Amino acid sequence: MIESHETEPPGADLPKTSAPRTPEQPAVLSVRGLGFGFAGETPLFEKLDFSLKQGEFVSVLAASGIGKTTLFRLLSGLLVPQAGTIAIGEAGDAPAAASKLGKIGYMPQKDCLMPWRTVLDNAVLGLELGGMPKREARRQVLKLLPGLGLDGTANKYPHELSGGMRQRVSFLRSLLGGGELLLLDEPFSALDAMTRVGMQEWLLQVWEQHRTTVLFITHDVDEALLLSDRVLVAAQSPITSLNELAVDLPRPRSYEFAMDEAFIDLKRRLLGLIGRGARGSSEEAGRLP
Amino acid sequence: GSNGSNKGADSAETELTVLLDWYPNAVHTFLYAAEEQGYFKEAGLKVKLQTPADTNDALKLVATGKADLALSYQMQVAISRAEGIPIVSVGAIVRHPLNQLLVLDSQAIHSPKDLIGKKIGYPSIPLDEAIVNTMVKTDGGDPSKLDYVDVGWDLIPAMSTKKVDAIIGGYVNHEKLLLEKEGEKLIALDPSKYGVPDYYELVLTASEDGLKKNGAAIKKFMEAAARGQAYTASHPDEALQLLLDQQNKEFPLDADIEKQSLAILLPLMDAGTEPFGSQSEQSWRSIIDWLKEQGQLTKDVDPAEAFRNL
Amino acid sequence: MPVVLFILLLAAAWEAGARMFEIPHYIIPKLSDVLVSMGDNWRLLSKHFAITLGEAVLGLGISAVFGVLAAVWIESSGLAKKTIYPLIVTSQTIPIIALSPIMVMWFGYEIWSKVAVVILFTFFPIAVNTADGFRSADPDIGELLRTMGAGRFDRFRKWKIPSALPGFFTGLKMAAAISVGGATLGEWLGGENGLGMYTKRASNMLRGEAVFSGVLLLSAMGVLLFLVVLAVERAALAHRRNKNE
Amino acid sequence: MPVVLFILLLAAAWEAGARMFEIPHYIIPKLSDVLVSMGDNWRLLSKHFAITLGEAVLGLGISAVFGVLAAVWIESSGLAKKTIYPLIVTSQTIPIIALSPIMVMWFGYEIWSKVAVVILFTFFPIAVNTADGFRSADPDIGELLRTMGAGRFDRFRKWKIPSALPGFFTGLKMAAAISVGGATLGEWLGGENGLGMYTKRASNMLRGEAVFSGVLLLSAMGVLLFLVVLAVERAALAHRRNKNE
Amino acid sequence: MIESHETEPPGADLPKTSAPRTPEQPAVLSVRGLGFGFAGETPLFEKLDFSLKQGEFVSVLAASGIGKTTLFRLLSGLLVPQAGTIAIGEAGDAPAAASKLGKIGYMPQKDCLMPWRTVLDNAVLGLELGGMPKREARRQVLKLLPGLGLDGTANKYPHELSGGMRQRVSFLRSLLGGGELLLLDEPFSALDAMTRVGMQEWLLQVWEQHRTTVLFITHDVDEALLLSDRVLVAAQSPITSLNELAVDLPRPRSYEFAMDEAFIDLKRRLLGLIGRGARGSSEEAGRLP
């Protein structure tokens, strides 16, 4: 069950890295022979294999519309694979689809905030479901809001927030939901560079503290390189395999490194992996009426 | 269920539920008189008066034992028996037709045959059609030329808004009085004068089972009611006042109208030398024969079984 | 299929219940007797059925038109909202039977008094549900249309109406179910024809089987109208995500 | 304010119309006469008012509880949807008055037969609107809750119920308006008390003024109940974006 | 009325640049003394002045939650300024708020697709409102879909699309809406790099063909520099002024230039202008419960 596509990151033994990863790390997620397509559509996945190890931070880079969100919905148990298996947790062979639900923190691409709840009550949802008393849950979340740039919004309703603020509330909610595996679907796409860096640092802190395994969809190459242990790239549709790039940069990382030789080299390799995956291309651009 | 004895403080009292034919009015004075004068109590009865939605409900409730007695109509009892509803009349309360053909005086209608070509309103009861048909035929007219309009509940507005020229189904002691109070001049044509057998307008009914089980109590009830009627006949104003007092707590009756109504009713309720409520087989036979003739009975009904003189 | 099964089950329960508990036939007749009576009077019943159906459908149609118009009016004018809406609500609180003389005075004993009662019954659910449907429209789409220069009319057509459609159908379904009750009541206010009249006369003649054949047919008519609306709804909202599964 | 003005306008139109067209007072009395009659019978009317209000509120309360339960059941079980829902629809299509002996047999002449009619009237709009409210819930939020491990119960509580609230209130508002009609009809089926009985008797006595004071009070009661529900709705949905403006 | 904060872009006389811009270009949008804040909140804008010239492509860069979307809603007439004036069109002083509506192509941050319409019918909306027969409008739009990577989706409903696809449909819809001024609120935030480049090129084509004026919100500094004549930066809240950077790079531009000295210099200046505008900061990151 346990696989290792990964080479040991050289920064693993740096003092600040609190979660050392070895090849013996158990697979917390393993996907075998996954096949799926929506009814009446060409399949999105065929015989796809991959796995995540305990405590890994892995990014997924792929073209829009290729099936990333669908993959997340499969992993979280919302959709049922048409072929293959998805196993979550140490005992990689046991659980059925239903049991995936609740073991996962999932941040969907759309914010999906409940319009009838305030920011605070939206963020609190996971704790509430976990059985924490509402008052206590609110108190804890209230303390976290300023760190996300959401101070003063606790009692606002979602339609009174900016797009980026909604995204941050959704992000916070998914983190508080708990679960050993965190699936984040373009969590920072609506944020400006500064806010985004803040969020990334915040996420890394959480990750290191809790040793959660993170699978992270992004369209930002720099972000992928900065955050991940590995980057998975899907270049063709249907997805039959994921190309993989191990990011062997020391941690903690920051955007200061972005000009470093190693980083630029990785970036070049990553861009090479991506290839020309986008469906749209400027050559075909039609004329507006 | 309401029959059987009351297990309360006064276990000697038998409880009887009586369903009225309509909301309480002058025709029920004898019941209120019997109650207020204590005749029921003296007879060991506890009487509960109820107003049902209509008398058909009342008949069915009596038949199933949900009530002990119901005021109903002689013809309705005959039809019930034909439909297999085990109802027996135990007393004739109003001994002659109240339901008469009412015509506005201005219409130049003086006898039933004048109705040819006119609109006759009736309240969804096919029997009423049969009554008018007989009247017109007896009077020498052709009933097939009559124009009936089913006016549902509202007899008076139908006539006063000139939707119809005549109405059947209204009572001479109620609809006629009310319309006259509004200043209309009315002619009432009595069916019994035009070929319809003279029938009992109002009868008191019990079920066959109830009569078996509760016969004694019902007999006592009739006796107390007779005393109530006697009191009403001798003290009409006082008796009526008992009814009005009782009703004013719930709904104010029109004292004037009820007074006139009672004056009309008293002679029609008078059994003469017979005891109050007594019935003749002759009356039952003639009305059943007429109903059969009119095709209103789906099965034959034995007149002797339809009533009981207690 | 399960529905058919369920109906058969209910029918069986009725027949068995009537036999077992020895319920007097003049209270609840045996289903088999009702069906026999229905068979015997088939032609008469179908004539009355057609008449009542006509009243119900006509009333329902008029209600649909005016209910939607009222909802549009309420939605588009603050004054209408403050006047029409309370008026519509009030119209529902008036006990019709108490005012039957007025109905008869205004509409006579012809079909119109029955249609009027049907309208009084069915106008309300259509208007209220449609109005609430309008209100549930996503304001962001409305804003978008405004930026595109869409006027009130275009916004109504392309935004409010599609948004109110599910509410409208909820109202219409309810209205379809109760329209038959309205027609029945209307017939009781006076008239010569229709299943309502049939049941009332049967009831006055104490014919339990005939009453229940009328009631069964009236009920079937209501269910039928409901199903027709349901089918139209299914077709109209086929592609809505959370309508119809 | 415009509402008050509008009511005054209607009142004036009534008074003027009754005077001008010389309609018999037992069909449409003058408003002024009605008010005088109301004043004269104030104590009696308020007693009957309280009784009818009690019936309406009790029936409405029971309907709210069971209507919501039925909607929940319909929402959560495919079988219930296929059986209960048709049953509820059918219940609306049955002409109640035809079955009055059954109502009386089962519920007697006490308050329960009236409450039963109110329930029959009001259960339907509550159940249907709540069920449609459940169906309108955003499936994406439901999915999110599932990923968070929320079971059926939690999803119901935190997703379906808040989503169905507007629909529930639409239904409850309608139910409130028609509950009074149900109570009135129930009283007509038999009873001694209540404003419905009062109007029925008055109508039999050709007392137009008394009929209309009863009708006015019944109407006012319906509007009152409606407004109470409206106020509760306003409070409960205060923060919804496209409810209440 | 006419102002020129702008220096003539040196690339203006290059052959490929079809829309030469001179300082005499009339202002198509001019904002004077704008003041606005939501009820009960601190104001978002105070005495803000700025203007756009005919045919300009201007980007706005600012922190999440600072008021960009609100500014767009003000410009498009959806919100009414509490102070100051917003004038659109040549006659800079005439029009009232209402008259702005319809003169503008607005792509909102949320996709706002109509869930009851297919992709095609959503995209067609603007043409439909413009009075074009539905059949003709559909025909024209159908030809454009492949260029946006949306081939085969014409008859899908929005909930069957990926996030990036929905964004592209919304983008297409706003372009087809017409109007002399195009307001685009983070139009490409959900797109991967390749698809994004395709869209950018598509947008530039349209812009050059139609000489529309474009105001473009983005969080991507490279994108802003690649597309714009000027970049406006709002660094503090409430926004009292917009810092401005003229992008004097020749057109057509491409990401190949991103490594050029001039580009990197501009980028450094731009990053300097932005400052630390984000409300969130990693220092404040709280602890997860």
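Think of it as A, B, C, D and E in the order they're written, each chain with its own count starting at 1.
Throughout what follows, a contact is a pair of C-beta atoms (placed from the backbone, for glycine too) under 8 Å apart; a residue touches a chain by one contact, two chains touch by 3 or more.
Molecules present, by chain and UniProt name: A, E = ATP-binding cassette domain-containing protein; C, D = ABC transporter permease subunit.
Note that the structure is predicted; figures quoted are calculated from it, not measured.
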{"item": "Chain separated most widely from chain E, comparing mean CA positions", "value": "B"}
{"item": "Pair joined by more contacting C-beta pairs (B-C or C-E)", "value": "B-C"}
{"item": "Centroid spacing, where centroids are CA-atom means, of chain A and chain D in whole angstrom", "value": "51"}
{"item": "Whole-Å gap between the CA centroids of chain A and chain B", "value": "85"}
{"item": "Residues within chain D bordering two or more other chains", "value": "26-27, 97, 101, 105, 138, 188, 200, 241"}
{"item": "Residue numbers of chain B (touch at least two other chains)", "value": "56, 60, 64, 157, 161"}
{"item": "Contacts with 2+ other chains: residues of chain E", "value": "110"}
{"item": "Every chain pair meeting the contact rule", "value": "A-D, A-E, B-C, B-D, C-D, C-E"}
{"item": "Of chain D, residues touching chain A in the complex", "value": "138, 140-141, 143-150, 154, 158-159, 162, 165, 239-241"}
{"item": "Complex contacts: residues of chain A adjacent to chain D", "value": "73, 76-78, 101-106, 108, 110, 112, 114-118, 125-126, 128-129, 157, 159, 177, 179"}
{"item": "Interface residues, chain B side, partner chain C - complex", "value": "56, 59-60, 63-64, 76, 79-80, 83-85, 124-127, 148-154, 157-158, 161, 163, 296, 298"}
{"item": "Residues on chain D engaged by chain C in the complex (per definition of touch)", "value": "2-3, 6, 23, 26-28, 79, 82-83, 86, 89-90, 92-99, 101-102, 105, 124-125, 128-129, 132, 135-139, 166-167, 170, 173-174, 177-178, 180-181, 184-185, 188, 196, 199-200, 203, 211, 214-215, 218-223, 226, 241-243"}
{"item": "Partner chain A, residues of chain E touching it in the complex", "value": "38, 61-65, 67-70, 109-110, 127, 132, 140, 143-144, 146-151, 160-165, 168, 175-176, 185-186, 189-199, 201-202, 205-206, 209-210, 219, 221, 274, 276-282, 284-289"}
